[in-house]
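Across the two complexes that follow, subunit A remains constant while its partner is subunit B and subsequently subunit C.
== the complex of A and B ==
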């Protein structure tokens, strides 16, 4: 088994899982299983980006049964995830992807709830404080990548719930 | 003409008379000579010419050694000639010995023998024989020559014929040879046809005997195989000639194929690839062979004739004859059960387990997959099929 501590679903050790199925209904089930596996895996391992070309990723490469998912299939599954707002390609070739196990909107709500809870309205909070601070270790968005965080805050900005400050010396947000 | 010498008509040692002709004139090349109306004797060694009666009296005559003759040809009579006159041209080799002849020099390398009243003997073939066997040569030399000939059997005997006539003759000879070999070949074939019926009868007898004895003989694989082989045989094969229209022909053909193949299709698990059908049917018909197209056309009609067998085409294009009672969902069901039993199956394994061909096994698995009963695992190790846990689990 891969070293990753993870509750693998039964499909993970089922060889046909790594071949795109021909039968439409079967394929739908298979793709669904992959989608939830990818999101679960990323959430448990706090993985914010996936590179399709990285073949050693235990998520797509099961060394125990010696099967790996084809890169093309991965891309098509990630495209499916993109449609529900759970993934977004970073580069034009769709090699690198950001994975959102919570969609941007969900993340925005989660962060805004947190701000309200801590009474941080009308103050400037740095991005570092939000995601890297030792106090916030228990939070869901602890360790969130800067790029993802900015996208979340932009979403909040659109909702007029915060203002993003991206100066050279200070990167933060003022919540309303 | 300068090769001809005066000689005694007495026969030499080993010489024998081959033919005697009368009223023969000699030509020096194309020119007539005064030697006319004479008697010509062809011996095994020489050609002798003399005035009538001279030879009988043992007087000197003209003689030409056959060893000097390179080859000879018969001059074909001209279209305007109604006489029986025949001419033979003898082409001669050079010789240095011009002594003791009626004519010491000659510009020609050939002489003609003109038979004013035709031949009484077949002079042409006699001369031909003599020139080939060369009886004038000493026996010892002949012996060694034949030994040499035996050592090199592939070198054809050089035929002393040249010119257009020679070419024509050799062409004629070749025609004759091919004619003979063709008729030989067909002789063999007709013999085979006659024998084939007997062979079919024999095989039928043997197959009956094996069937009778099957109870007492142990289920030996070889016995079974033999009975398979011998159980083949269609008594009265449907042939195209006996039908006026193609449709009728195909219909009766469909019925006959169905009668014959039904049992075997059942044994094979209800399905047989069309290529196998082709082989089985043609082996059973032994001589009245069917073309693949005829079989295909006949099989296409089967469904419309309500026969117990029908043609089925897989989406891959593979065509099979299958029992009408069998439909793809029941095949898929059965295949899926096998897959479940073995946890996973490759086409090779299924074909071995069921004793069916590889293509058929693959088609079965694909059918099962298409109906969602199986799912595939396409890896470096090959294509394998698993029970469709995606749909059944959870």
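== the complex of A and C ==
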């Protein structure tokens, strides 16, 4: 078992889990299991990006049973996750992916709730304060990647709940 | 001539035969009447017995099994009698309730096992699901097999597959499984839930084609998963026999 703090599902050590199944119903079950495993893994390990070419990733490479998931299969599963707003490719070749265990819309609601709880409306909160501050270590979005955070704030901007500021000297957002 | 060949002799012989026949019928009728009486008495006693030990039958699985066997030996099926005396006992209800719960457990686990479950796993999960009820009853494997067999009236959707040595699997999706398939299941059960074609053919003394056909059928039924990353050859895995799958609640 790789040294990752993770509650692996039973399928993780099931060798055929790493071979794309041909029977349609079985394959549907397999893909569903992979989708939730990817999201759970990324949430538990706070992994915001996945590179399909990275063959040593314990998520797709189980060294204990000597099985790994083919890159092409990974890409097709990530594409499925993209349809539900849980993943998005960040390069043209679809090698690198952002993973959203909460969709951008869900993250937007989570962050906006936090802002309201702390009474931070009408002030400028820096990106650093939001996701890197020691005070916020317990929060769900602590450590969120800058690129993902900006997408979330853009979503809030579209909902007219904040204004994103990306100046050279200040990177933050003013919430309404 | 000593033998009577006259009309009188013929008449006499016919009369004798008729008397024999009459006596024979009489005896038969007597016996039949007696047997009927005995059966009546036995049935009455059985009913009395059942009423007297109603609670014991409901609670004790071993007792229940013996009672069932006793009933079936005289052609009484407490399960099929929803009306009249036997319904008072609620024995039929007990098995109907079990049957419904069997369907529930099978449905809930189909997603992971493809509709095939060992009787042991079924029993564990069913008992767990019943847990909350106040009147706790022990459920034996025999009870489950009886109840599951009742489900056959719904067509080929439900099947109890004997696996030898008091081991059974319950199949809850339509699709016939032949002897070949259950033989393969038995082999996989002994081999950590997987088997390859050459292994099956070697163990069972089959032609390669026979094994291939059986294994592919099980893949097409959603009962087996293919692992093509084994260093030697393709392995066929059965989630319904895979320990980690059995123990998972997902």
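Here is the rule we use: the second predicted complex is superposed on the first by the 176 of 176 C-alpha atoms of A that agree within 3 Å, B and C clash if a C-alpha of one lies under 4 Å from a C-alpha of the other, contacts with A are read in each partner's own complex, and residues count from 1 in each chain.
The rule is simple: a contact is a pair of C-beta atoms (placed from the backbone, for glycine too) under 8 Å apart; a residue touches a chain by one contact, two chains touch by 3 or more.
All of these numbers come straight from a predicted model, not from anything done at the bench.
Novice: Using the superposition on subunit A, decide if subunit B and subunit C clash or fit.
Specialist: clash
Novice: I'd like to know which partner A:44 touches here: subunit B for first, subunit C for second, both or neither.
Specialist: Neither subunit B nor subunit C is touched by A:44.
Novice: After superposition on the shared chain, which partner residues are touched by A:64: those of subunit B (first), subunit C (second), both, or neither?
Specialist: Touch partners of A:64: none, neither subunit B nor subunit C.
Novice: Touching A:29, do we find subunit B (first), subunit C (second), both, or neither?
Specialist: Once the two structures are laid over each other on A, A:29 reaches both partners.
Novice: Check whether A:19 is in contact with subunit B, with subunit C, with both or with neither, and answer first, second, both or neither.
Specialist: both
Novice: Going by the contact rule set out at the top, does A:10 touch subunit B (first), subunit C (second), both, or neither?
Specialist: It touches subunit B and subunit C both.
Novice: Touching A:121, do we find subunit B (first), subunit C (second), both, or neither?
Specialist: In the superposition, A:121 touches no partner, neither subunit B nor subunit C.
Novice: Where on subunit A do the contacts with subunit B and the contacts with subunit C coincide?
Specialist: 10-11, 14-16, 18-19, 21-23, 25-26, 29-30, 66-67
Novice: Give the list of subunit A residues in touch with subunit B in this complex.
Specialist: By the definition above, subunit A touches subunit B via 10-11, 14-16, 18-19, 21-23, 25-26, 29-30, 33, 66-67.
Novice: Spell out the residues on subunit C that touch subunit A in their complex, using ranges where they run on.
Specialist: Interface residues on the subunit C side: 111-112, 114, 194, 219-220, 222, 225-230, 235, 237, 239, 242, 244-245, 247-248, 250.
Novice: Which residues of subunit B touch subunit A once you look at their complex with the stated criterion?
Specialist: Against subunit A, subunit B makes touches at 344, 369-372, 375-379, 384, 386, 388-391, 393.
Novice: Could you pull out which subunit A residues touch subunit C in their complex?
Specialist: These residues of subunit A touch subunit C: 9-11, 13-19, 21-23, 25-26, 29-30, 66-68.
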